[in-house]
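By written order: A, B, C and D. Residues from 1 in each chain.
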């Protein structure tokens, strides 16, 4: 793998609102970006203005230092290296700038600009050799050699961009990051530059930043869609364009006017939009039933639901005594329910007393942290299957008619990323979650007819009591709850909150065997 | 920015500055009289076109000293002060401005606070107080110019460095593997240089005025003739012999204008971007 | 937000003034010459000198002297002038109104000249008018107020004796003001002859101060005006059917003033520094004139007091400029 | 159908020796109630057409030949004081960049009502009332509040809505929109395009829609003109133009435009041969023109 990006985040100080004593608050530019890029691949990063795409490009090339996450280039984490330690990285990764005029030093000729780069990286040692080499580079980007003696301001926009490309390919980099490099150009010039890039792409990897999905389609084999600093969707170009998973990507595509006559296009959006907003439920005003709400992710759900304005929340737990404080603080909004989801009578009672629910959150679960063969007995395995699979299924079965009556609504099943790959250290837990994942898919299909959205949430390790013994990066339960509720509002079916989950999911999409091998290393004990 | 000034011809200013340099270098040779030699019988002679004699082209002062010779020797003091003063003020200001603007951080905070404190006070008064503290003399004037005017360079160079630093070509140089010091010297500095040349020529003019101001209030050397000193003497007799003040004022005005014009045209000539 | 901003500016001004006070105090103590030696008659005994030192507190350690001085300031006592044998506070208060009148008039002239010149130059772009204005601005900016004073004095005071070249008011006029704000008082008491004479005395120094300021203001204002004129909202105003002059004055000017104030705010404050020399040249009885004689006489308490006054004026001017900036810029006002 | 505006063989150039030609015998007509598109790459002369109509031509430019008719009356020179219509009332303009097109120091109310007061002689209070209804027409919620705001407090899409409201304020007979959505994100662009179309049809206004984006033009225009080198190469109804372009240049442009529904290898850059050929045609026109106007 040439470049692995994990949970990459950047926040900068808001200098505009800074005061004498405070240097401005941190503003999130982007958050939790995950992708891989192999040698020879090209990735398009697409987003609207303010999505943080240029900042992401500058962080990948380490013009900015990320505030969180890792950047593995050729297996070395370069995210926190200092400028003087970046030496070999600098020659392997090159950047092409959006504004070609400002990226070329106005006081240097094209020859100086290109040969400076060649000499810095010791590709050429003598000036005359560098000059000849610069001439060859101009040939490659389709500029006459006579342009060597010109200054940047004497060239046209397209020609400047070609010089930028020549400079970028000069050290024969493994990765080129191109930031909106065709956005200011005319269609015909743009097509020429794109053709040039397609040709050069074969020599190395390319990350191509653009606001224009059409341009990305021309160049890239993978696409990452960014929205307000968050990774909205990542996939192979063909699949993403033919069958976009996220609603936002669908919106973006639908908003692009193709050059063909289509008198209904302008009105179409309005129709679709209103239908969509009807389709997706709002948390505000929703009546929610949360299991396992006394701690961990469940407690985070309750807090988030309150702050998002849910009108009524049934908070269920095996032991409701600890919930009294919370209930009295939010009088009238919270209804405590004593519930063990393995107990059918309690479930029946709960459903009878909660006929207004339109969002069910199946959060309750257990983890015995035991292996499959080396465990003493099958108690843990049975218990986990009982709660995590049968209990959750029972809840879905019980509440499905209620949801139908209330207009469809949604179910959130809290699974785990371990539902998709087995971690031997807690092998039986993974089995139960895997069953629950399969169950989620089946329930989703069965309930599609009554317009119930079934969301499967697959986080990595979450910072709760359950994962106390796990040492390693953990997600904040709040983030998990937030991502899940976002998914309900946006109509997303599968949620991978956090860097670890996204990384695993992506790994599984690329090479499932490798992921399995990686997890197999974590044996019990 | 207005660029259509009627004074486009820089040959005027070059002539003035060459003349000034010539007068300063060869003052003892070209001056018709000893500037300190008194001739009380021939005091207050008017210039030749106002009825004076051709022996004293610009007339004589209250002690009968030849005004032309005094002005030629005054040019010497002016050039001495302005060249040395501006050079060191520029040196200090540019180095601090470049470092402060490019590296930022604590160094920048320190330097820019210092500049702010310096600028938050009327420079003329500070100059006068400073000169009074050090005691009269040409060297005093030079020191005063350096201490007051380094901020002028520092401030401009710092803000220009910050502008240049944020442009993409500096990022491109980082990507191109250049070390920060090399970027500062090879990429950023050449882009600031034209501005610097302009600042430096302007500063020469300013230094000459500062010298005049200090000698006008009696804080420069009283042993050799200076233009400011001549103005001060002239001010006393302005109602009897206005040319005593008029001649040195004329000289300073012409020189200051010349430096201004040359600053402008040098900038336009050096800058390949402006030339296009 | 805006109130907080103002408070902050005021608070920040205090350490600036304090710093200036410290610097001045320390500077004046390292003077090689002894101020006392200038005050004593020839042949005075060492006891007499010691006596005087005692009176002016010059025999105490520097830190003590500084604390005494600070304490005095807090009580409104700036000490006693050595050369004039009067209270420093009294001296400054007597002279301050004259300087303020000069400063306000000069700033007014400068703003008027700058706005008129810039609007005219933009209105008559690419004509002879613009080029003539260019030349004037260039010359006015190149020549500092010190030289303008001398030039104006020579041409309009001596060669063409149109204006008086010394003083503030002709002593032959019988005018017995209650305050030292002669100009304002004369206006309120309808002494038009006095107003006229005051204006005649003020004319040369105030124009000398105003010219360079007007030129640098007008350079910046013209730059930002012509930039504003190329903005899309100006095109829109033109397409709405407004005439060129209307577009400049109604749409471009206010926008152009915002960068102008930021870029040239400090120039206004510099004008205060300029009064020192201009007053000295025209023997105008203001603070600047007093300052130079204090420096020449090595009158420590007076210099300290004056510098402090100048620093305060400087800070207040800056504050007023910030205020006007905030008033004119909706982005700041909206907060 | 009656034409609101007709441009016949218009030749405009910068008056130097030899002249720099900007429009080379350009022809254009805008029918009543139509949206007429003008597409071309930079330097094609699109903006010059709008400027000639509005009377904002660059310094030194001159009409060398051709005619412009507005509602039957001839516009003979470039001076905007001699337009046969009231600028800002009968002919209005939607600018390209909404972020900079509103005066930053004036409230929205003042910027909207000034034309109403000036041209419809409304009292300020009535003008504000009319502004409120205009803002709700462009789908701005809470128009009373928006009127009290300054431009920097509005998003780009909101500002463009305000500008559209200003353009339609006095029921103009012709609106010139110069790349009105180029500076916007695609999703906002779609909303704004829909809005322009609705405003145009409900006010029965004619419109000249200038853009470099073939996609945008295909969606909003009734008739499309393709420009290159100061000439209108092709004029067709939108459906005909995009299904069967007749000029080689139009075809080349269409196949050089990247499309998200087509794989990348289908993209064809404009061939060098076509570029040289078109250059030659322009050069020979210039020679003829020089011979004609500078003999």
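In this text, a residue touches a chain if its C-beta (ideal position, glycine included) is under 8 Å from a C-beta of that chain, and two chains touch if they have at least 3 such contacts.
Small disclaimer: the values here were computed from a predicted structure and weren't measured.
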| item | value |
| --- | --- |
| Neighbouring chains shared between chain B and chain D, ordered by label | A, C |
| Between A-D and A-B, the pair with more C-beta contacts | A-D |
| Distance between the centres, which are taken as Cα means, of chain B and chain A, whole angstrom | 61 |
| For chain A paired with chain D, centre-to-centre distance based on mean C-alpha positions, whole Å | 40 |
| Mean-CA-position distance for chain D and chain C (Å) | 53 |
| Residues of chain D that touch chain A when the two form their complex | 41-42, 185-187, 189-191, 193-194, 197, 212-220, 238-239, 241-243, 252-254, 256-265, 267-270, 275 |
| List of chain D residues in touch with chain C within their complex | 54, 56, 59, 86-89, 92-93, 95-97, 100-107, 114-115, 118-119, 150, 152-153, 163, 166 |
| Complex contacts: residues of chain B adjacent to chain A | 167-169, 171-180, 186-187, 190-191, 272-273, 276 |
| Of chain C, residues touching chain B in the complex | 16, 19-20, 24, 27-28, 30-33, 121, 130-135, 137-139, 141-144, 146-147, 150-151, 153-154, 157-159, 165, 219, 222-223, 266, 269-270, 272-274, 276-277, 280-281, 291-292, 295-296, 298, 303, 307, 310-311, 314-315, 318 |
| Parts of chain A lying in touch with chain D, wherever the complex brings them together | 48-49, 186-188, 190-192, 194-195, 198, 211-219, 238, 241, 251-263, 265-267, 269-270 |
